[in-house]
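To start, I am sharing the structure in question, which I have written as structure tokens.
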Amino acid sequence: MTAAVRLGANQYGKAEVRIVKVTRTTPVHEIEDLNVTSQLRGDFTATHLTGDNALVVATDTQKNTIYGLAREHGIGSPEDFLLLLGRHFTGSFDWVTGGRWAADAYSWERIAVGGAPHDHAFVRSGQDTRTAVLDWAEGPVMTSGLTDLVVLKSTGSEFHGFPRDRFTTLKEASDRILATAVTASWRYATTELDYNALYTAIRQILLETFATTHSLALQQTLYAMGAAVLEAHDAVAEISMSMPNKHHFLVDLAPFDLDNPGEIFFAADRPYGLIEATVERAV
Amino acid sequence: MTAAVRLGANQYGKAEVRIVKVTRTTPVHEIEDLNVTSQLRGDFTATHLTGDNALVVATDTQKNTIYGLAREHGIGSPEDFLLLLGRHFTGSFDWVTGGRWAADAYSWERIAVGGAPHDHAFVRSGQDTRTAVLDWAEGPVMTSGLTDLVVLKSTGSEFHGFPRDRFTTLKEASDRILATAVTASWRYATTELDYNALYTAIRQILLETFATTHSLALQQTLYAMGAAVLEAHDAVAEISMSMPNKHHFLVDLAPFDLDNPGEIFFAADRPYGLIEATVERAV
Amino acid sequence: MTAAVRLGANQYGKAEVRIVKVTRTTPVHEIEDLNVTSQLRGDFTATHLTGDNALVVATDTQKNTIYGLAREHGIGSPEDFLLLLGRHFTGSFDWVTGGRWAADAYSWERIAVGGAPHDHAFVRSGQDTRTAVLDWAEGPVMTSGLTDLVVLKSTGSEFHGFPRDRFTTLKEASDRILATAVTASWRYATTELDYNALYTAIRQILLETFATTHSLALQQTLYAMGAAVLEAHDAVAEISMSMPNKHHFLVDLAPFDLDNPGEIFFAADRPYGLIEATVERAV
Amino acid sequence: MTAAVRLGANQYGKAEVRIVKVTRTTPVHEIEDLNVTSQLRGDFTATHLTGDNALVVATDTQKNTIYGLAREHGIGSPEDFLLLLGRHFTGSFDWVTGGRWAADAYSWERIAVGGAPHDHAFVRSGQDTRTAVLDWAEGPVMTSGLTDLVVLKSTGSEFHGFPRDRFTTLKEASDRILATAVTASWRYATTELDYNALYTAIRQILLETFATTHSLALQQTLYAMGAAVLEAHDAVAEISMSMPNKHHFLVDLAPFDLDNPGEIFFAADRPYGLIEATVERAV
């Protein structure tokens, strides 16, 4: 005889609503390009147990709301737009007690024509994507970040001193390529912030710290990057990073009577190292 | 003046180690095809703060261990293999207190030649991937699952009775296509189990329940699927599901003087509904 | 002073129109699931040179036509549907002299409930996709095929006797895993054919020949597969195949005091061998 | 009785050899990052028909050659490196009469630290990938290009005057977003060229012409882009472009009592327009 079952944690909504907003108040247009997900939490037991949808704000309605509120209030920053959504849904429906709103933001730069930035023609720039997640349980908690920030150092990286057991064959390295694709997400301590300025500043700190840290381990580089963000920005409560070690193996050219003094590398796909950690404030 | 920072939660290892094991004890070969990730947790503060790697079991060593232990002990099931890895690492290094081990398993079936299954020739089957994650904090906790199980019902699905606000334009539907790609993960209450038999049985329950549930909402279908698993298998403590509502929109053919009695649909990519819930045992 | 420029070959249309058609004449539904591309060729110089669109059948119109004709005439097979499209566009617009129409077809099987196939619930099956391309220059030429048919033999494959130069380090192999993802496309000599029956038969020949050919080179396996198709089906004029050699490397376990008698393999991603050839009829 | 079959066109080799080359002659490092494919053509009938590999330069050998020649001769440009490979293989093996060599090149820029470019730390830049293909039949023919150059104009695009038939529902547009992901490949008339300089110049012409062309049809924009390249560079014999029309649909906000004067768009995935043409020199 099995025990009774019940509904646990749940959320639902519309995912990956692609919205492009053009600001054309002057001939110099601005564009904002987001991929928005809206999911609601609250009293949704009835639809799960009986299919009674009386409290189910349709996912289509959530999509429409994204477009409508963008027109009424603008976007400004991914984070501000998520707060707008969160406040709308928790404020409009008594039974919606929280939710999860997320946005990816894609970056564009103006096409240069004869050296001058064009008024209304743009080219996608960068490999990385800006991310934002508003998690609303007791109240709004904003976590911003980025993903796919691909960086590489051609020197200034070592790895040695690790323990050796029966399965250890790795040689120690005093000079290797260090390459990774940074995924980082930092939780803000408050919600009234200049999110765009913070994003630009934090991305730059991550890049500069990666570049200037002489690395004895990818863990050390990761920690230095996170610590630098926390030290520079009080508004950041903690930062989590996931960094694959994208291995670049020195090719053995000796069979061809060639040396290889750190010049020719094979960039491997899988497997890869995977280093993940949170850097937080000491209490 | 900013507060001091410190290392929070962290784990590291080797991700996506692709291993194919052939069992050739008889001319009728068996193959096992896994994508394995190993990550360790424990006392790894030194490498983060100073780059001292004295306690860092190299990710390359973790990869070698996967291959070596597969040869020594076999695989058997993804879950049993993850337990083998978890016990090895927590048992071999005092400072490794836990970790996360995960595997995706790909399914193959024998090629039929003249109607008979071939001894050693195989074709990849199915769209879905079997998954397993061993999370080891206090002790081993096994969560099995699947992803990308793409299913569709051409009738037997309704959606109506939802609230209407300013942003609601969706029409009520009394007969629609219901399609989704099921991601499910179920946590087992214990670890000494016949994982392969359980996987086969649970996958079949998910399929049959999807097929036979007359759906008033995707939430209702999801809950029914999870409840059916819990009711059939005491070994399952809870099950979480994430199911996109892969919209199939009836095409308006009226401008071409054609009707469309539930026959011609446009399969949309984005946005999509996203329904997520856990079904658990009542205490 | 540069020479004058002019428009060369060109075609345009709507790509990846996702259409799902449900046949519900009885309670036992059938579904057809296609991804259709329509591109027109003909007298389209004006739009390129001056933006005069008087002859430009809008890509949106091409999309609508796909949906409308599917309702009026059904699909039947991907190939028959492409012929329907090709005849419509070349027959409806004097200046459309030809084009390219293509379809990918996705396979579904009925969910088994208590061992019996369900009337209207389906699960996506197989890794491979059926393809069809109608190229219309002088007249309609149909090429059918498949892609991503992933197959593996755990023995029955050798590779030796190849020349050795300064850059050759590969060891000869008398027993290796042979794995590939078959992409094949076969051109039919005529267009009035039972395409669904031919597709099923040819796919099976490809599978069986892969399985039963003792391979001395992937080239040999490829040729045998193509020749078998031509020998069995007069309707096929030629067949082209592209087959990556998905390397499975035997892992060296000797450093761990373990042997590895063809049991433990590393499945590599890149680089991979790439074998491409056409098998045709001798004139 | 079916006719005899024979081997038709064929080529084989190693695909996607990932090579990263670091030039470290000074502390200011340079990196080159390529994905190289090498395929040989010639007298390879024996391996296809009998599995006799006496003439089969192993794909593993081709991979090794890529690494070895990069060390001996450097890379310089993707095109120069492909010519090095083509000359090596056709010159080293009598029976290799030609082949296909291709490279994708990924762009990196130096990380700015305090505003100054770092000596040896880099970040991946841009969405687009540079491509090069050396096709060697009678002799070497070089085709260079790019892919995934994603561009958007927020105004300066119209589409009207197209014919209307039974299936036409599209409204005429006097001001729309025009967005595409350019794939272009231009064939050079000769092979002794400054490929890096040409690539930079041609990419810029494509961007500027997209930006400054007032568009009445994507066809017109495509033609203008191609013609501009041919007019500026005698070394280019012809250019082919494939440009999806990445539709941005104006969202209908009227049901929410909101206007939408070209501000809020839904960026669609599929289907998409697909415009393809070659611009060539008049003879």
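Order of writing sets the labels: A, B, C and D. Residues in every chain begin at 1.
We take it that a contact is a pair of C-beta atoms (placed from the backbone, for glycine too) under 8 Å apart; a residue touches a chain by one contact, two chains touch by 3 or more.
None of the values given here were measured: they were computed from a predicted structure.
Visitor: Kindly list the shared contact partners of chain A and chain D, in label order.
Guide: Intersection of chain A and chain D contact lists gives B, C.
Visitor: Taking A-B as the reference interface, identify its repeat among A-D, B-D or C-D, namely the pair sharing over half of the contact pairs by residue number.
Guide: Duplicate interface of A-B: C-D.
Visitor: Residue numbers at the chain A-chain C interface: does the shared fraction exceed half, giving same, or fall under half, giving different?
Guide: Interface between chain A and chain C is built from largely the same residues.
Visitor: Does B-C or C-D have the larger number of C-beta pairs in contact?
Guide: C-D
Visitor: With chain centres taken as the means of their Cα atoms, state the distance from chain A to chain C in Å.
Guide: 36
Visitor: Can you check how far apart chain B and chain C are, centre to centre, with Cα atoms defining each centre and the answer in Å?
Guide: From the centre of chain B to the centre of chain C is 29 Å.
Visitor: Cα centroid separation between chain C and chain D, in whole Å?
Guide: Distance between chain centres, rounded to whole Å: 23 Å.
Visitor: So which bits of chain D are touching at least two other chains?
Guide: Those would be 18, 64, 68, 166-167, 169, 255-256, 269-270.
Visitor: Would you tell me which residues of chain B are touching chain C in their complex?
Guide: 18-24, 29, 31, 33, 64, 67-68, 70-72, 108, 111-114, 118, 120-127, 149-156, 177, 207-208, 210-212, 248, 251, 253, 255-256, 258, 260-269
Visitor: Please output the residues of chain A touching chain C within their complex, sorted ascending.
Guide: Result: residues 166-167, 169, 255-257, 269-270 of chain A touch chain C.
Visitor: Once bound in the complex, which stretches of chain D touch chain C?
Guide: 2-18, 37, 39, 44, 47-61, 63-65, 68, 92-93, 159-163, 165-170, 215-217, 219-220, 222-223, 226-227, 230-232, 234, 238, 240, 244-245, 270-282
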